[in-house]
């Protein structure tokens, strides 16, 4: 008799925790974590979840304490972890962009490029990334670890900071200017290299990845459905490349068809006026849970 | 080269802020406002958002500091603002009704109509609306501005109040009786008269209006889908006016069709028992993001 | 002229209140309860809602103060209430299981079965259920009412507890071991026996039940839609019993059909990889509001 | 060698917990309880604290699981616990009165005295106290246990309630009228009868009682100090009985003395104007930590 | 038989409420206000408290709905209320300064004085104060009522604002520059003119004022006590004017005295090093509840 | 003309912030920090406050960005900062003990001493302290930086942790056993070495230290005052060494004296019963703001 096999998966604790648990639920894995819980309940007896700080997940995946984990590309680089990268995701619905680690200085600082950092002091949470970046540019500067609230330090405690940003608004609010971007980062699902060679674990990891990707795709996409006269369909589709692969089904009313497609949510606001102009009627947009091509 | 054009849009700060941002997101405009932020991030570089008290938006639209704004009909009237009204919306899903500004008095007050206010004192946040109303009824009463908590004043500090209510339950809880309704109000999208004459701005305002209306329509509506034998369709549709314009599509199973329609959410609770009685099977209701006719 | 008839319905106050109001909204009954409110607003003038502790609802339904109520099977048994049970529901999306009242002891306790309780002391919120259970097993033990925080008592204040659990994780966190299960419980909609004999009330109760069941079914289910070549459909359906009753509709592209079905959400994570393997394309999963067979 | 002896003391968990811990700190016992903690840290290695619902403390003191406990007189009576009562305290600074369990009915109820309860239904958290009270008045009524929110029940679910009140304002806010008082209650320190016969435990209990009483006395009292001409002292003291036992000390300024006393805080507001009138100067009031006569 | 007389006192609701209730408690009047309560409990049956917005209190005192009230000088002026001012208080322990209503503009605004406001637009919560101020300086500008968040408006919606500030830090954080001060304001206890002529009410108002002043004095002051050799006393007192009226009492140890005084808390930090230098020993500082000269 | 001189002082941001600001207020320096504020207001124009993470203060004091700072001995050691240590304080009123950084392992771990760590992995926030400690014991182990939640890691992610503890209760709750103590730590006021050589800055630092020490002393101490017959004084004082230096003042009542002293708060609970036994009457304990010997 085969015993039950288990995949141990690390998810980020803290500020990303709620969003991650919500997305895992959309992927089909319901996780129930009481506050401060390190080992939450998950409704899949082939999975064990560990909630760990995003900064540390890649380290424990590398060492095999976790079979796989969800963490940022930035922390994999910062830790120099040797892991197998299975997939990349975009979490943010608002900006639809990767986060960036940027070199920032006060608005009125004389520092205009990384070259101007020679002999200066830089505070950051990503000491290794910053040091490697300075080495690449042959700049000698002191890099110190910042325990937090890095932005306020740029005005008097250090000469520059390397800080993470999504839309840049927090830097602007602190009257800081972005000099250069060191690294862009997105969430990644990573696997321990040994676990990746184990057939069962690899398949389980791929299933989680497939479903999580399907859930995240669905967050950025919507279903769009409309009725249109048969004679107008060709023109509609030609002029609207976003509607490349629609499902066209016949309606009982002769000469009319229903056109249905899946589309990026953020283009809908430009598309709907055009659809109306092309003769579409009864346009509805509906939400999706998963999209798997 | 054309420079980028910008539409400046005022949204209500405070108690309506969260709901408005959520509805704007459904319309396709993702807004990210940190607490106390006056200028939030929006993922459309043709838009600039300002978060302003609902009471003040019409004033700044009139003067052109804002090109357009979302505010209540009540505050447009109270401010006497000369603006172009683009569209009307219903926000409340619970009551599906406009808010009302009503004249209210303690349950045991001798005041039975506006005529009885002669020589009395009235507290309200809408001093101008109240004064105009008294003038129309040729009643002379003192109207004083109330900074809040108006309801408790009716019992000893003034003789009557003019207060806003949706379901009336807060007035009842304060043991107040509604005497008359002065004004009903719904959210409106308004435009500065100059901005409305500018082609680009007008088109942008209309697009926002179209999408916001589509999102709000979708909140009050649902998709309904069911299978039914071909022979029963006609009867089903005749007897159920709510299903006026359904999409009827053929199923692969001979003699059966799928009927799909968009319908007011609040009639579903009466409709589903009737659909079952008419022979419908596999009835499902699904949520919508937008509905554009 | 007929006067308006009213059904008085009790819903659980407290920890289940928010979830219940949300589910009633999905069923089509929008309830607006300000904090601490006993009589909330509902947008159906044939209904009156009372928010009452779950433990007490069956008692007031039995006595006729309420026509119907939503409460747990456990409290109906504990109260020994004579009521008509109309329907059973599953609320929890995470565990998809009934709650259980279990006999629990410290991990290292010598108590291995209910028989070992002779002469011992048991703390519980369900004194009657516990006493009946002991009688059935011919065990004499002292049962005392616990006002809360029952789990910590098992370690020094009493010998065993009878406590409710869903996933068992709270008991494990308190280092308690489950000895036996006394009762499993699910939410029930119950009716006063007189109200159930009144035609109008019975029909209203059945409508609420139908819609609430439809809403709860929809929480555990999703819509699944995919395109597949006509030639592969038969194989797809044979091999996948979960897809028993799909709607197959013709696409305009010759040789291809759209397959659509409603399916348990928790099997999707196993199904999607198989669907891809069977040749399905463009798989989308979408959420449902109601499912009525 | 003597081993360390321990006194196990129960303190009320929940709404009274914070106030009790604060008062114990004033008594000199610093307790540090993390949230949900049943066994908090205390800086006295002769004490072990247990945080238990006030309703249950007397039961566990009676059975000897606790040596002593702080709980209300009401719950000792309700539980019929056989314990030794060591001392009585007043906790409330605002009302300076015991709490009362009262029979209450809607303002317009025909019930005017306990006699009118015959055949009625009463809801309460103190079922035993209520039943005993009815027996004493030879009234037959149904008494049912209320799990909370008792006040709202009086209007339609039962005919009367027995509920606890301090200032009566919550009853008035619910439009209830007090019919009679069943029991007044104050916090008590109680001891297990065996523990009370143990010399070491008894002495430890008495020390805790002495210091807690000293701390509570100090909450209701203040120090008052003033300068006055020697010749006016006698008159001052005669006319002001509240100043019975003042400390009169000589000042270096001939003919003047300092008068200092400890006095009930709530009489100060009437006393100070009189002291000024009697010639006192430089009156200061200062706070106290403990008062032990 | 004399009936009980009552004084009705208005206290500010909202941001100042908690501080006011705390200070009233220090004055000897314990007030217990549940959330949103307009009429709180007070442990003095000669008092009735009303919690009202600070902006409105003077209006209701003027009209006699309240006998007395605690409000800011600014709102008395803004309302133009004819009331008797009984006393002035300083609430803020941090800044020990009155609040100021100031004219403020963006840091880089060309506006340098009130004269530069001609033809401009000003937003403020104190429309009357601002208009009077402009009239005095013969400046014509538009003044509009601001419903809140006034500071963000100065950057684009209006040309200047009139806003309240204590330490100026909120204005600086919004990058605004103070141009001029229109009004300084402190809390005042005011009386209705009729109530002030009623002997009983006047005496009650004076008692409240005396005790409240005593409590507020005590917040800004501390007791200071030290031992010193008799021979050093004269020098100590001469050199330290802050110790003007100390109580000097003899100690049992020959040649030593105890010196005790009441002193402004904020000078202690400069005084203690000097006291040590002058030979004082065992210096202790203790808190006060009330100081009445 | 001398310009105003300024001392820049770093205080710990975060979990210790509120306590530190409260203690600074007791020392006489009122600090008003809005949320997230890095530069708070302080009512002393010779001081500038910076709120910085405790872990970083010593680094910025060493480099001269701050003249002085309040931080833990542990972080000074961890950072290896070269600074002048001005004074040591005890903040915790509950345990009256320094915090300790301890080596901890799961209760059932085979690790019994630091020697058993050879070849193991240790997680900690104090990497340098841990490495130095291992070097001193000639143990080779891997030390990794822990970003938080270190306690849960000891059970499966690493072999041991080095973590901070005050009462040990959090370690016990996580079922960890303390193996050894690496370092005890208390708050220190430190100065930049250059600032310490500047007369004005040194004097200002010493004043802050004197007052802060006075405030902290006062937290652990209380005033005790009692009346006793003259004849009993000698015996009282002899038998009670804690009363070493009391102030004995004569009362107007012949043969009686008042004895007053300052004493450690935590001995009062043992002392009061003895004082009563020795004939003391009217014992009162009062709180102190500052104690300066």
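Each chain gets a letter, A, B, C, D, E and F, in the order it is written, and its residues are counted from 1.
The rule is simple: a contact is a pair of C-beta atoms (placed from the backbone, for glycine too) under 8 Å apart; a residue touches a chain by one contact, two chains touch by 3 or more.
Because the structure is a prediction, the values reported are computed rather than measured.
**Q** List every chain that touches both chain D and chain E.
**A** F
**Q** Of the other chains, whose C-alpha centre is the longest way from the centre of chain B?
**A** F
**Q** Only C-alpha atoms count here: how many degrees separate chain C from chain D in terms of the superposing rotation, rounded to the nearest 5?
**A** For the C-alpha superposition of chain C onto chain D, the angle is 180 degrees.
**Q** Return the chain pair with more inter-chain C-beta contacts, choosing between B-C and A-F.
**A** Of B-C and A-F, it is B-C that has more C-beta pairs in contact.
**Q** Cα centroid separation between chain A and chain D, in whole Å?
**A** Using C-alpha averages as centres, the distance is 57 Å.
**Q** Where the CA atoms of chain C average out and where those of chain F average out, how many Å apart are those spots?
**A** A distance of 52 Å separates the two centres.
**Q** Using Cα averages as centroids, what's the distance between chain A and chain B in whole Å?
**A** Roughly 35 Å separates the two chain centres.
**Q** What parts of chain E, by residue number, touch at least two of the other chains?
**A** Residue numbers touching two or more other chains: 249-250, 286-287.
**Q** Touch graph of the chains shown: is it line, ring, star, complete or other?
**A** If you draw each chain as a dot and join those that touch, the picture is no line, ring, star or complete graph.
**Q** According to the definition already given, which pairs of chains are in contact?
**A** The list of touching pairs comes to A-B, A-C, A-F, B-C, B-E, C-D, D-E, D-F, E-F.
**Q** Hey, which residues of chain B end up touching chain A in the complex?
**A** 27-32, 34, 41, 43-44, 207, 210-211, 214, 218, 223, 245, 247-250, 257, 262, 286-293
**Q** In their shared complex, at which residues does chain B touch chain E?
**A** The touching residues are 13, 38, 52-53, 55-56, 59-60, 65, 144, 146-149, 152, 156-157.
**Q** Enumerate the contact residues on chain C facing chain A in the complex.
**A** My answer: residues 93-96, 167, 169-170, 173, 222, 227, 249-253, 258, 265-266, 268-269, 272-273, 276, 281-287.
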